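What follows is a group of structures, each given as structure tokens.
Both complexes below contain chain A, partnered by chain B and then by chain C.
On to the complex of A and B.
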């Protein structure tokens, strides 16, 4: 407990500095509302439910897009690593799609799917697809051949080789790809909701900013940050648990 | 997560020396891309999808040609690249020294580490309204946004790089009488270089992603700003052409970064593998 306190003390120091700067009038309140005001706005938004309902909308979109990307990306990556012909056909497409800044797709998904949920889910799916695909591809491709040969010589069937040898051996890289994908899901969720939406956390931030409700806007922004941080920490804990068999 | 690994060659297969086999491989590799373009052209010709959703391929190509000829593409690309690269350079100028200091100075490490661990997974675009409030809607806020979005990646990479330097290298240099400064400049920094460059290779595409989104949100021309204009005028040809243009800029940026890595790491074992 004390160790966690010491570890995160710098954040408290920053918050205290922020409060002092604004209370003493060194930084004008129109640019930076005091932390205490932001916290009050946060509590108010929790009470009236606007924070939770918008967070639920955002979470649903992010989870749906990410889940689809994990499923398809895993299949694509594993297919590319295990089937050279499939790799030869799909590889160049992946290579062409890889450097595209995915936010460029926002207008395209708007044309195709309108302003509702589906467009945002598709955008998040497309943005998260490649990190998962490349993580799986590099992971499966990097599996030590000797492990596969040993399993085969011990009579393992192809299914067993994939599920019990290749998957665990590729897991670290797959998880790295997933972690990147999770961060991308948050980024694209906020970007698409900021650009155009009528609910969700990104929309909440944008509309509060447009109305000049800055303490509430800061509260919404820090809620997004806290959610991103919690997701990342939960993910790190999950990876540590899944990889506990490693030395 | 390098994309060079998804190279043109089949895994486990050396460069084929027989022309026929090479042709076959090339055909297979091109087939995916050709199939996508062919489906696009055929669907457009047959009118299976409304042209608003999928404008005919020739129209998009014509628009691209027009943008190239009129210089519109050059101006937007230069605007976007200027903002993205200045932001990226700022992130490097701040992030690399800070990342290196994390493991070398305990106080810096204690102070910066939690900030980075919160900032790293944050969807930093959420800060855009704050930066608009502070720095206005012109170039400065976009540059700050890009720098802020990429700096955590750079710090994390520089930290991991210096932390991972083999002790033996440092000890050897020490026992040969190298001074602290020399050890840092001639041992630590080169040894950490591969990881730092990996971080930059992640950060540069991120800079473009954020820059394009920022232009869509704030306007102010650039590739993203022009695409959102096209969207607002329901000009789907412009949207498709915009995606191709942004993709081209992204591809060039990624390729140049890989080239830079190869140049800087000429002495490193990984350069010999190519």
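On to the complex of A and C.
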């Protein structure tokens, strides 16, 4: 308990400093509303339901894009690691696509897939795909051959080895890729909603800003930060559980 | 057995193994190896490092494709890994995400033993290697010696006819190694598997094996096969017997000649 307090003390100090600077008029309120106002706006938005309904919209898009990326990325990565011919075809595409900032695809994806949910899901999918693909590829390729041999000499068929040995052995790296992908999902979700949408947390931030409702806008931004933080913590806890066998 | 393709134990005829190195050059690792290991006997492969003794073991395991020649067992010609040939690796190769019990259950499950029957059998093998109480530990929580016991239990539980061991005690400290050698002999006397045991430790080979093959430096050939037969004795007392030390010394000279030749110098 005390350790948690100490860990988050810098945040409390920052909030207090923020409140003081705005209350004393050192920073103009038009630029930065006091923390207390932001908190009040947060409570208000919780009460009128706008925060939850928009968060639910965003969550739906993020989860759909991420889930598709995990499924396809896993298949691509495993295929590349296990089938040299497949790697010869897909590898160069992955390399070419890798350095591209996925936000640059926002206008293109909007033209192709429209301004609705599909376009945003496609964008999140594209952004999350490569971290999962590469995590799986590196993980599966790095599996110690004696583990595979062990399983084979204990009677496992080659097909069984993939799921029973390679997948769990590659899991640490797959999870690392998945964690990066989750962060990208948040980024692309908010970015795509900021640019064009009529609901979602990104939309909420943009429209509140346009209307000059700064305390509420800050509240929406903090909600995104808090959700991202919680997602990452939950992910870390899941990883720790799945990888509890590691020393 | 009327099938001419099957034998008792292991029969290796004119086996060669070559592979392509990263630079594309062909490397001849094993050259014209013929060896027969009778059923229920303990055979040690000795040789300088890099002579291909582990490669030979992996060929018997069915992990590496032979270039020419053949390996036959009671199940016929070896073409791929199979549960009748159990393997124990130097670095244990336990599934790190499975507990000791789950590791042992894996091979049992593959052979069709499931449920409470499998658990009982797994526990009896865990008991055989003195790991009772560590069933639910992950390999990362165990010492090297304990991990190798677990690996041995996993392999034995699958009830292979042939036990292939690749420097299984090489990664262990000297004391643990001695204890493991004694226990392996006790288990072998009890189960009478056909064993092929790769080691670079001459005394270990003489202590454990019925017969010992000394391999040459690359390309690996079998220089000489020697009978040992101290493995019927009860304990490490044989280490002090003159016949034992003489044989160790004799074999060591053979191995050393190969090491020197590999280095390109004359034996002194």
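In this section, the second predicted complex is superposed on the first by the 247 of 247 C-alpha atoms of A that agree within 3 Å, B and C clash if a C-alpha of one lies under 4 Å from a C-alpha of the other, contacts with A are read in each partner's own complex, and residues count from 1 in each chain.
Just so it is clear, a contact is a pair of C-beta atoms (placed from the backbone, for glycine too) under 8 Å apart; a residue touches a chain by one contact, two chains touch by 3 or more.
Since the model is a prediction, treat every value here as computed from it, not as a measurement.
Colleague: With both complexes overlaid on chain A, does A:141 touch chain B (first), chain C (second), both or neither?
Modeller: first
Colleague: For A:95, is the partner it touches chain B (first), chain C (second), both, or none of the two (neither)?
Modeller: Only chain B is touched by A:95; chain C is not.
Colleague: Looking at the overlay, does A:78 come into contact with chain B only (first), chain C only (second), both, or neither?
Modeller: A:78 sits against neither chain B nor chain C.
Colleague: When the two structures are overlaid on chain A, which partner does A:191 contact: first (chain B), second (chain C), both, or neither?
Modeller: first
Colleague: Counting only touches as set out at the top, which of chain B and chain C does A:214 meet: first, second, both, neither?
Modeller: first
Colleague: In the superposed arrangement, which partner chain does A:182 touch: chain B (first), chain C (second), both, or neither?
Modeller: first
Colleague: Touch check for A:35: first (chain B), second (chain C), both, or neither?
Modeller: neither
Colleague: Count the residues of chain A touched by chain B and by chain C, then name the partner with the higher count.
Modeller: B
Colleague: Quick check for you: in the superposed arrangement, does A:112 touch first (chain B), second (chain C), both or neither?
Modeller: first
Colleague: Identify the overlap between the chain B-contacting and the chain C-contacting residues of chain A.
Modeller: Touching chain B and chain C on chain A: no residues.
Colleague: Can you check the complex and tell me which residues of chain C touch chain A?
Modeller: Residue positions touching the partner: 58, 61-63, 80-83, 85-87, 89, 91, 93-98, 106-107, 110-111, 138-141, 154-155, 158, 160, 164.
Colleague: Across the complex, what residues on chain A touch chain B?
Modeller: 6-11, 13-14, 31, 80-81, 84-85, 87-96, 98-108, 110-112, 131, 134-135, 137-138, 141, 176-177, 180, 182-183, 186-187, 189-191, 194-195, 201-202, 205-206, 209, 214, 217-218, 221, 224-225, 228-229, 231-232
Colleague: For chain B, which residues are in contact with chain A within the complex?
Modeller: 1, 3, 5-8, 10-13, 25, 28-33, 36, 52-53, 110-115, 117-118, 120-130, 132-134, 205, 208-213, 216-217, 223-224, 227-228, 230-231, 236, 239-240, 242-243, 246-247, 250-251, 253-255
Colleague: Considering the complex alone, what residue numbers of chain A touch chain C?
Modeller: 144-147, 149-156, 164-165, 168-169, 171, 244-247
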